[in-house]
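Quick one: the structure is below, and I'll ask about it shortly.
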Amino acid sequence: MGSRWRGLAAVALVILAACGSSGGNAPASNSKISIDFASADDRIGVFKTVGDGMVSGAPTAGVTVRHYDNKLDGATALANADLMIQDKPDIIIDWNAVANVGAALGKKFNNAHIPCLAVNQPIAGCDWYNLSNMQAGVDAANTMIPLAQSKGWTANNTTILMVVQSSAGVEVNNGPRYFYVTIASKISGFPTMTPDQINPQTTVIGNHQGVQYECNSTVDGSYANAKNVLPTIPASNHVLVFGDDTDCTLGALRALTEAGRANNTMACGLGPTPDGLTNLRTNASWVCEEALFLEDWPEFIIAEAVAIHMGIKPPPLTSAPQVSLTKDNVDTYYTGNTVKLLPPLAANAQYLKQTGILQKFHNVQGI
Amino acid sequence: MQLETGKVTPPKASPPADKASEPTQTRSTRLVLSGMQALGLGGFYVLTLLFFSVQAPHFFSFSNAVNILSNVSVIGIVTLGQMLVLIAGGFDLSVAGTLPLGGVVFTILINHGVSLPVAWLIATLSGGVVGAANGLIITRIGINPLVTTLGTLSVTGGLANVVTAGETVPFNDLNAGPVDNVIGGTPVYIWVWIAVTLLVFVVLRFTVLGRMIFAIGGNREASRLAGIRVDFVTTLVYVISGALSAFAGVVLAQQLLAGAPTVGATAALTSIAAVILGGAALTGGVGGVPGTVVGVLVLGTVANGLALMQVPAFYQQIATGSILLLAVGFGRLRALFGQLGDR
Amino acid sequence: MNGASEKRAPTGEVLKATKLAKSYGGHLVLKHVDFSIDAGEIVAVIGENGAGKSTFAKIVAGAVLPESGELTCGGRHAEFRSPRDALKAGIAYIPQELAYLPDVSVAENILVGRWPHRGGVTSDLAIRAMAAAEARRFGIEVPVGRRMASLTLAERQLVEILKALTRSSSVLVLDEPTASLTSSESKNLFSILRKLARTGLAVIFISHRMDEIFEVSDRAVVLRNGEVVANVVTAKVSRSELIGHMLGAAAAEFGERRDAGTFNDPAMQLEGWSLRGEPDIHDFNLTVHRGEIVCLFGLRGSGGEALAEGLAGRKPKFEGTVVIDGKRHTVFRRPAAARKAGIGYVPAERKREGLVMPLSVYANLSLLVLRLVSTAGWLRPSAERRLAVELRDRMQIRMRSLSQPVSTLSGGNQQKVLLASRLASQPKVLVLQEPTRGVDVGARFEIHHYLRSIAAQGMGVLWVTTDVEEAVLIADRLVVLREGAVVAELTGTSKTQGNALELATKDAA
């Protein structure tokens, strides 16, 4: 046992020594604005893109960025919050994708008097930048409704298929939720549901006019669950499917295609992802792809951070650029899989023009 | 020529009069071995501290030391329970389920007006109940610990999700997290961890229960033949582990100000890794609190240092995996050297 | 040099060692060993643990380099840098832990490295034929076609010996060859060794079993503290003299026989014990008196083991009752119940069942009596230490420190710890299974002596063993078991090894 005590004594000594000393290399303070950014989970493609974009976009924007990883874990996000506060940056940008732990994070940032910006999931006491899943769902519905009606699909012979990820919280699942609500409000015959009535426990609405299942994060996960659910939907029904993201929708479409129902399906993805764009361009059943332009978030996030630092008070929510890509307009915004152009700023994002950051990237319509 | 005692049995003459006397010829070997052991983990830890002090900004500071300790407080409590199970010769994978379960139960209770201490107690007991299930299945039905705790892990995880409808449940009252308070610049929950550590240390070292835990881990059959109630002690150990893990879940919930059913995904492997790093044997019968604490600190420090160095996530995974392999490998080397030195 | 039976048996000195010395870590294990052996001689090298006999064997076999001294082989100075050198010089070493290829056939093992082939391709038939021929040549029967791992230990040993012989070895060094053999297997081995010796093979074997030394060796060399203290013709020396040389003490103490005293006071009475199993035991009755040492002797599987385990509470399927110290109990369902009733049980395998290896010596000593050294669940280190010191001194257990792990003690001392831990609970009756298995002569003697004194203080002792030598030595009453039943009770002059073996093995295959 003596050896263990020696190890522990060594630890104690070093910690005591650390108390006396000052910090290691502090970031050089120069005129550049310093930003600490914690990404949602660098292991997952979509989130990783934003993280990488923050680091690579920093020089263009003329700021410095230190980059942490929340690993989709509340405890890690808390630990990162401590580390970021320790850095004493000008602004902290925190993308913590675990719902409802924002209060603890916000408390830390506010106690430390460091301005903070929450991405995607709100953090109490911080400004908020987010896409609107609700908007995506509404847009997808609005794109699909005329197409479905032109084919004569009605509430009696159509199922609205929602693919959700309950553990990601309410906001993320707003897409499919409002997809249903919008369609139900514009095509008569679908049972009216308020948004709150569509929740993680929902599985079937009406006489299979609405069906909801769990995506399980990946294409394969969605596909597996879809295969279990499809037999419950009358085989002759048309299907309008929208998921939390393109992968979820892809899984559903794969199952539907396997069941020979591709002609009877209209799918809309959310991303966009390369798979989604390819399907949009080539697959008759894929009628739209909600584009969230996640890869380009960095410039907007940095712009909002700079705005906060400049003293501009942002509105409660600054909306990310979003557009509903269709077979007609996809090439306006995309060359192949690369973003060519971003849609005009949303109303609540107009103030970002004042920072001059977006102008340095030369890719937003209207600026 | 006289030969030293202890190596060769002398002819039967007078009984050995003195108390345990240190050998001379093997003292040097024993010193080298202890040196290697101490150097092994403590030395490795000092090396990591030196490394990060140079490479990572803010690492060598009081605030970061507090950060590290804060970071490991929750998993540190879980690891103490895991240590007891490992010493007793088992495994507890279900900690990854009782951790969120404790937090979730606590959150729901205080949101319904139950007082803080009572909610804490009930949440902790819920973990104990899971532990009891583990213990009974392992001892009465005879399914091995790995499979059993894997099963209860699924059940508790699912339970946590059902109870919260799959969502993280926030505290209604954002001031209900007393352990989040700070005294003297350090959060209260660090001291909670220290208190639990001391308690477990004392129990393991100075009580009959602690001795029995070592005994049944070291040789279950011999302990049984010696009259020790091995089944009861085994079950008790799992109860303690489950309770500690749920307790840690309550602490975490107070940090997060929410009960999240998704936390703790890596708790099982991290806690086992920390215990092994600290010198416990996978087969049981060996281990202790000081080593385990250093093991926890090593893992927490490396995570902290790598984050400060902004090392990409995948490399962090490689780093923690490699450390475990190194530590276990070093332990095997020690054992081999030990065999050579003692005969 | 080969020992082939075609040529005339070679004669003369084949191996000589002069002034061999070797130290390990500053400790002089061999001080000054002179040794010689002629062709056709069988020499036993004996001594206590730590006397240096294994080291000596390893030097001769080329596994270890001596610090000083020299080896002469066949008249020429020999320096072995590795076992291969020794092999080439004709010396073959058969260690206790055999090294063989388990998944491959016996024939391939015998001829390993020298498999007959045509252009690199071997053939099973050719290998087997060659191996069979060698076996015939040396007169050792082994099943050449079978997989090595499927053989019994005794058979594998013979294969190893055959392997050595086919390499034209002139000296065979065997390390405790009969440690795990039954008596008939040992007899077979000895007759083979004698046959080989007649053809000129020189055999050195290390042993501590007196009977074997007297049965097969021509000469006995005794090592003590790294020196040769006796080099005697076996036929001309007595057992007690040899033990005296080994231990350096007066011979008078050894070989003492207990007075056939009268034992009246029953400590334990087994009544009507029955078990369906291997073997079937039916209505077994036995009384062990206070102060008496009763030995249950029989071949493996004759029931002694089952009875001991039944008394220990390990075999709840037994039926019957036992009276201990006046109280009647039905067969114990759990070890804890047996202990409570006053039985101190010493299991056969100390490492697997008796001691907790990672724990310290004192923790093992107090394992059964934690209640005595604690208050309300809190251990009292001073009480525990006192208990441990007392037990250590009483039983003369040798160790560096009470805190060292019990795994670092020698086998004999480990056994003493095990025994002491049972005595700590002050049982009324001791039930022991093979208590001196794997224990060196010195410790064995001490354990015998100690148990006799314990018995003399009023404890009843039931001693289950398959070692006939020990049974005769230690028992007041030797109960011979065969196939689950008592065939005889030997006391006094009828208590001889010959009688015991005969009664135990009659009608056996």
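We just call them A, B and C in the order they show up, numbering each chain from 1.
Simple rule for what comes next: a contact is a pair of C-beta atoms (placed from the backbone, for glycine too) under 8 Å apart; a residue touches a chain by one contact, two chains touch by 3 or more.
Remember, predicted model here, so these are calculated numbers, not experimental data.
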| item | value |
| --- | --- |
| Longest centre-to-centre distance from subunit C, chain (CA-based) | A |
| Centre-most chain, if every chain is reduced to its averaged C-alpha atoms | B |
| Inter-centroid spacing, subunit C versus subunit B (mean Cα positions, whole Å) | 43 |
| Whole-Å gap between the CA centroids of subunit A and subunit C | 74 |
| Between subunit B and subunit A, distance of the C-alpha-averaged centres to the nearest whole Å | 37 |
| Contact footprint of subunit B on subunit A as seen in their complex | 1-11, 14-15, 18-19, 21-27, 41-43, 66-69, 71-75, 78-80, 82-83, 86-87, 98-101, 103-104, 107, 166-167, 169-170, 199-201 |
| Residue numbers on subunit B that touch subunit A, as the complex places them | 34, 37-38, 40-43, 45-46, 49, 53-54, 56-65, 67, 70-71, 74, 161, 165-171, 174, 177, 180, 252, 255-258, 260-263, 265-266, 278-279, 288-291, 293-294, 297, 303-304, 307-308, 310, 312-314, 316 |
| Subunit B contact footprint on subunit C (complex, rising order) | 25-28, 31, 48-51, 225, 247-249, 312, 314, 335-336, 339-340, 345, 347, 352-359, 363, 367-368, 370-371, 374, 377-379, 381, 389, 392-393, 396, 398-403, 408, 410, 412, 421, 440, 442-443, 445-446 |
| Residues of subunit B touching subunit C in the complex | 1, 3-9, 11-12, 15-16, 19-23, 25-26, 28-29, 206-212, 214-215, 217-219, 221-229, 281, 285-286, 341-342 |
